[in-house]
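Each of the next two complexes has subunit A plus one more chain, namely subunit B in the first and subunit C in the second.
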Partner chain A sequence: MIAELLLNGIALGCVYSLIALGFVLIFKATGIVNFAQGDIMMLGSFFGLTTIGLWGMPYLLGFVCAVLATAVCGYLFNRLLLQHVVGRPEFQIIMVTIGLGYILRTIAGVVPGWGSLPQRFATPFDGKVDVVFGMPVSQERLVIVLVTAGLMVLLFLFFRFTRVGIAMQAASQNKTAATLVGISVPGVNSLVWALGAGMAGVAGILIAPITFVYPGVGYVGLLAFPAAVLGGFGSLPGAFVGGIVIGLLEVFSGFYLSEWVRNAAPYMALLAVLFIRPSGLFGVRLQKKV
Partner chain B sequence: MSGGRLLVDGLTAGYGRSSVLNDVSLELDRGQVIALLGANGAGKTTLLRCISGLIRPTRGSVSLEGASIVGCAPHTLIRRGIAHVPEGRQPFPHLSVRENLLMGAYSLPAGKAATQVLDLVYHYFPILKERTRQLAGLLSGGEQQMLVIARALMGRPQILLLDEPSLGLSPKLVGTVFSIIRRINEEQQISVLLVEQNANAALQVATHGYLLEHGRASRKFDAAELLASDEVRKSYLGHG
Partner chain C sequence: MVAQNTAPASRRSGQMLLLAVVAVLAAAGLPFLINSFFVGVVTSVLIWTIIGLGMVVLLGYSGQVSIGHSAFLAIGAYGHALLIGAGVPFFLSVPIVVAACLAVGALIALPSLRFSGVYLAMATLAFAFIVEAVIGDLDITGGRGGMPVPREKLFGYSLTQTNVLFYATLVLLVGTFLIARNLVRSRTGRAWASLRDSEVAAASMGVGIARYKTYAFAFSAATTALAGTLLAHKVGYLSPDGFTIQQSIEMLILVVIGGMGSLAGAFYGAAFLIILPILLSIVKDKVPSGMGELPGLEAGIFGAALIIFILFQPKGIDGAIRAVLARLKNGTGAGRDDHAGA
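Our next item is the complex of A and B:
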């Protein structure tokens, strides 16, 4: 029983991690706290519904197309909207992201084939169970964990070894210096938005069989917020671990305490972290030597 | 690399309503090292920021090899051959020394070109080669200063704009940094526009100099002329 709860918690946590990672990436690069991150995840769910469910693409192809579509949306959000408010007071920028999320939910409600009623699309893993170490394990959950792990590795390699990945870090560490070596900071930031949105898109497609697809599903994505704070806002490994912790916390508190606690637990953890250790689990700052 | 020719003509610029630069003109010829001397707040940094496109002048022109570069997006200037090392040592602190340097070559086509320049830069700054895997934020002040100059060189510029490279360095390190600047200028034919409060050090390297006072620039002097001038000795060299 505990093993099953553990897997459920980790799988849910993986989804939160993906959303939180995208969220932290965007925050680190642009300084924007993106409250639309959950709604971008919702877009991913709907794109998956469209490519796999409505158009009947093979799962893998539909998956990739939906993620790309979500990434393109992220790119455009920065290009058309957020790039133009960078430098304004934080409050205004936050309102822009909240407004963007609201608009996305509204649009999702009226697009033909989408709508406000929960829907689902078939996956190759529906109801299938694998046996791992002698325990029955739902394939759906297993795929979530494996895909997330794979993405983490790819992400690490991307930031460590590719020119664009290093340029993204450079631009987030010092905009002036990045500009002067020839990096177009707004351009790179749009790519970061694409990446962050793409990750939320992956989360949206993976979680669709569990939560179903409807405009409000993005509220699940808001849990990326406590996950990111828990990990020490701005730390990528922290966001990952924070997501897993939140997932486990939800599943275990839901089972051993009550459904009410389940929904509030992540936010109670958020408050606890802010009071006890505001820098989070991984909030280490590199001191600048003079 | 053959140093470019930079011409600043009638430049006026400021932040908001207050103007920091007033009708400033100067020229940097191929292969020269020009020292721009002036007190704190005289507008030296603003002038460099105008040249590299980080701020837009309200009036006047900046041209490179006869072509105007006012209004160019700042990230495109390095492709035209202008590298700006901003004041206050600004490495990418969480990247390694090597990654910092490779980012300096971001404007070059990817691949072999960058590693070739890397060898050249390590030749001038052997200490950076020793520190190649260290995080830039953990380097000493002097090493960081060398790193940001080296990073600027990675873009294969014709013109190097240096903003207060001596700031916060020990006299011995100032000597080291300036002698490297001189060697780079002589051996790579890179023109240098050097903004300094440390006139003594700057005039050891410079071929020519300008004085910038309250946003206005003097005529072009020979470095020797400035070193000998009573006014400069009193105001900038710290002995009367």
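Our next item is the complex of A and C:
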């Protein structure tokens, strides 16, 4: 029983981690607190529904196409909208992302084949069960964990060894210095948005069999906030661990305590972290610039 | 804010007062002129104006962001409904609920003593989620199913009557406005403006940052709770779905679109927030079927309005009106409107 809860919690946590990672990536690079991250995840779910469900692409191909489409959307959001509010007060930028989320939800309700009713698309793992270490394990959950783990490794390699990855780090650490060595900071920021949106897209496709696909599914994305705060708000490994912790917290409190605790637990954890250790588990303290 | 000193302060405030008195008298006459549906709409606008006043003080004057004020709206509405259900009269229940939220608001503002900006927004978001989860689970609030608001009388008139609730709201709004206006013009208001513009500068001038941030937060919590008590009578039935993050965000939309440079912005924003969906539903009825079916169109239009305002009119409706007024006053116009805004 505990093992099953553990796997469920980790699988759910992996999805939160992916959303939170994209969120923290964007925050670190551009300073934007992106309230539309959950709605971008929702967009990923719908792209998956389109490629795999409506167009009948093979799962893997459909998956990749949907993630790419989400990434392109992220790129465009920055290019067409958010780039133009950089330097405005923080609150105004937050409100722009909230507005963007509202618009995305409306669009999802209008596009033919999408709509406001919950839908689902078939995956190769539906109802299949593997036996791992003598325990029955739902393939769906296992895939979520494996894909997330794989992505983490890729992400690490990307930031460590590729030119673009290193440029992203440079641009987020010091804009002026990055510009001086020939990095186009706005261009790199758009790529960060593409990356962050792509990760939310992966989360959206992975979570679709569990939550189904509908315009309001993006509310799940709000759980990226407790995950990110738990991890220290500016730390990528922190966001990953924070997401897993939130997933476990939700599943275990829902099972052993009650429904309302399940809903409130991630936010109680958030408040507890803010009061006790605002720098989060990984100790990255943001300094306010004067 | 207080920057525009083209006329002597006393004369300007005299004009303002006259204008406000005329507006209130005109509003008081409304129920004799329009039918009860529209009186209901105006009541909603006034209730949201009360919320807006708190939000303008919190965001526009003290520069703090809260994404959790739906919690205070919920505490106000549920607290009031439970109290009058227990036999406490309206006149006692409202002050109790408002005072309670003043205290809770001060308590919640504690995190703002330690951190700012995004962290405060996160803390308030968390608070709202927890309150929503608790209300959805308690027995006395009817859980997720909700509870009816008990009938209550004011001077022998039932608050279920549209006009009675309208006058009650109008009186409370005027009271809230006067308090807010005095606050922002006092030492407190100047302290808020100074810490909004630069906390470091404010602190070095001897402004107690923590204290004044707490004042602003507690004040906005109290006004939101007051609006909650009125909202309870307006809707007649409370359920947790009416007090979610969605409502918190609507409050933020209100101040962005209304403008947070002056208290008047609260009214413009509230009018926009309440009237736009009503206009939309009228338009939907007129349009041939199919077009009107679009689900969630309202949210999309709010989102688009939000983005358009921030990109092109960040001072909101209030800023636009003041720019026009300044231009009319100066005749030649050019260059003066910049001084009018925040």
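Methods note: the second predicted complex is superposed on the first by the 283 of 290 C-alpha atoms of A that agree within 3 Å, B and C clash if a C-alpha of one lies under 4 Å from a C-alpha of the other, contacts with A are read in each partner's own complex, and residues count from 1 in each chain.
Here is the rule we go by: a contact is a pair of C-beta atoms (placed from the backbone, for glycine too) under 8 Å apart; a residue touches a chain by one contact, two chains touch by 3 or more.
Since the model is a prediction, treat every value here as computed from it, not as a measurement.
Peer 1: Mind working out whether A:Met95 is in touch with subunit B, subunit C, both or neither, as first, second, both or neither?
Peer 2: In the superposition, A:Met95 touches subunit C alone.
Peer 1: In the superposed arrangement, does A:Ile166 touch subunit B (first), subunit C (second), both or neither?
Peer 2: first
Peer 1: Given the touch rule stated above, what does A:Tyr267 touch, subunit B (first), subunit C (second), both, or neither?
Peer 2: Second partner only.
Peer 1: Now for A:Ile183: first (subunit B), second (subunit C), both, or neither, which partner does it touch?
Peer 2: The first partner, subunit B, only.
Peer 1: For the overlaid complexes, name the partner, subunit B or subunit C, with more touching residues on subunit A.
Peer 2: C
Peer 1: Tell me which partner A:Phe133 touches in the superposition: subunit B (first), subunit C (second), both or neither.
Peer 2: After superposition on chain A, A:Phe133 lies in contact with neither partner.
Peer 1: In the superposed arrangement, does A:Asn174 touch subunit B (first), subunit C (second), both or neither?
Peer 2: In the superposed model, A:Asn174 contacts subunit B only, not subunit C.
Peer 1: Starting from the residues of subunit A touching subunit B, keep only those that also touch subunit C in the other complex, and list them.
Peer 2: 288, 290
Peer 1: Applying the document's contact rule, which stretches of subunit B touch subunit A when the two form their complex?
Peer 2: Within the complex, subunit B touches subunit A at residues 52, 54, 73-79, 83-86, 90-95, 99-100, 102-107, 110, 135, 137-141, 144, 148, 151-152, 154-155, 168.
Peer 1: Which stretch or stretches of subunit A touch subunit B in the complex?
Peer 2: Contacts found on subunit A: 163, 166-167, 169-170, 173-174, 176-185, 286-290.
Peer 1: Using the touch rule from the top, collect the residues of subunit C that touch subunit A in their complex.
Peer 2: 59, 65, 111, 114-119, 121-123, 125-127, 129-130, 132-134, 136-137, 198, 200, 245, 249, 252-253, 256, 294-297, 299-307, 310-311, 314
Peer 1: In the complex, go through subunit A and note every residue touching subunit C.
Peer 2: Where subunit A meets subunit C, its residues are 33, 81, 84-85, 88, 90-92, 94-96, 98-103, 105-107, 109-110, 115-116, 215, 222, 225-226, 229, 233, 258-261, 263-264, 266-268, 270-271, 274-275, 278, 288, 290.
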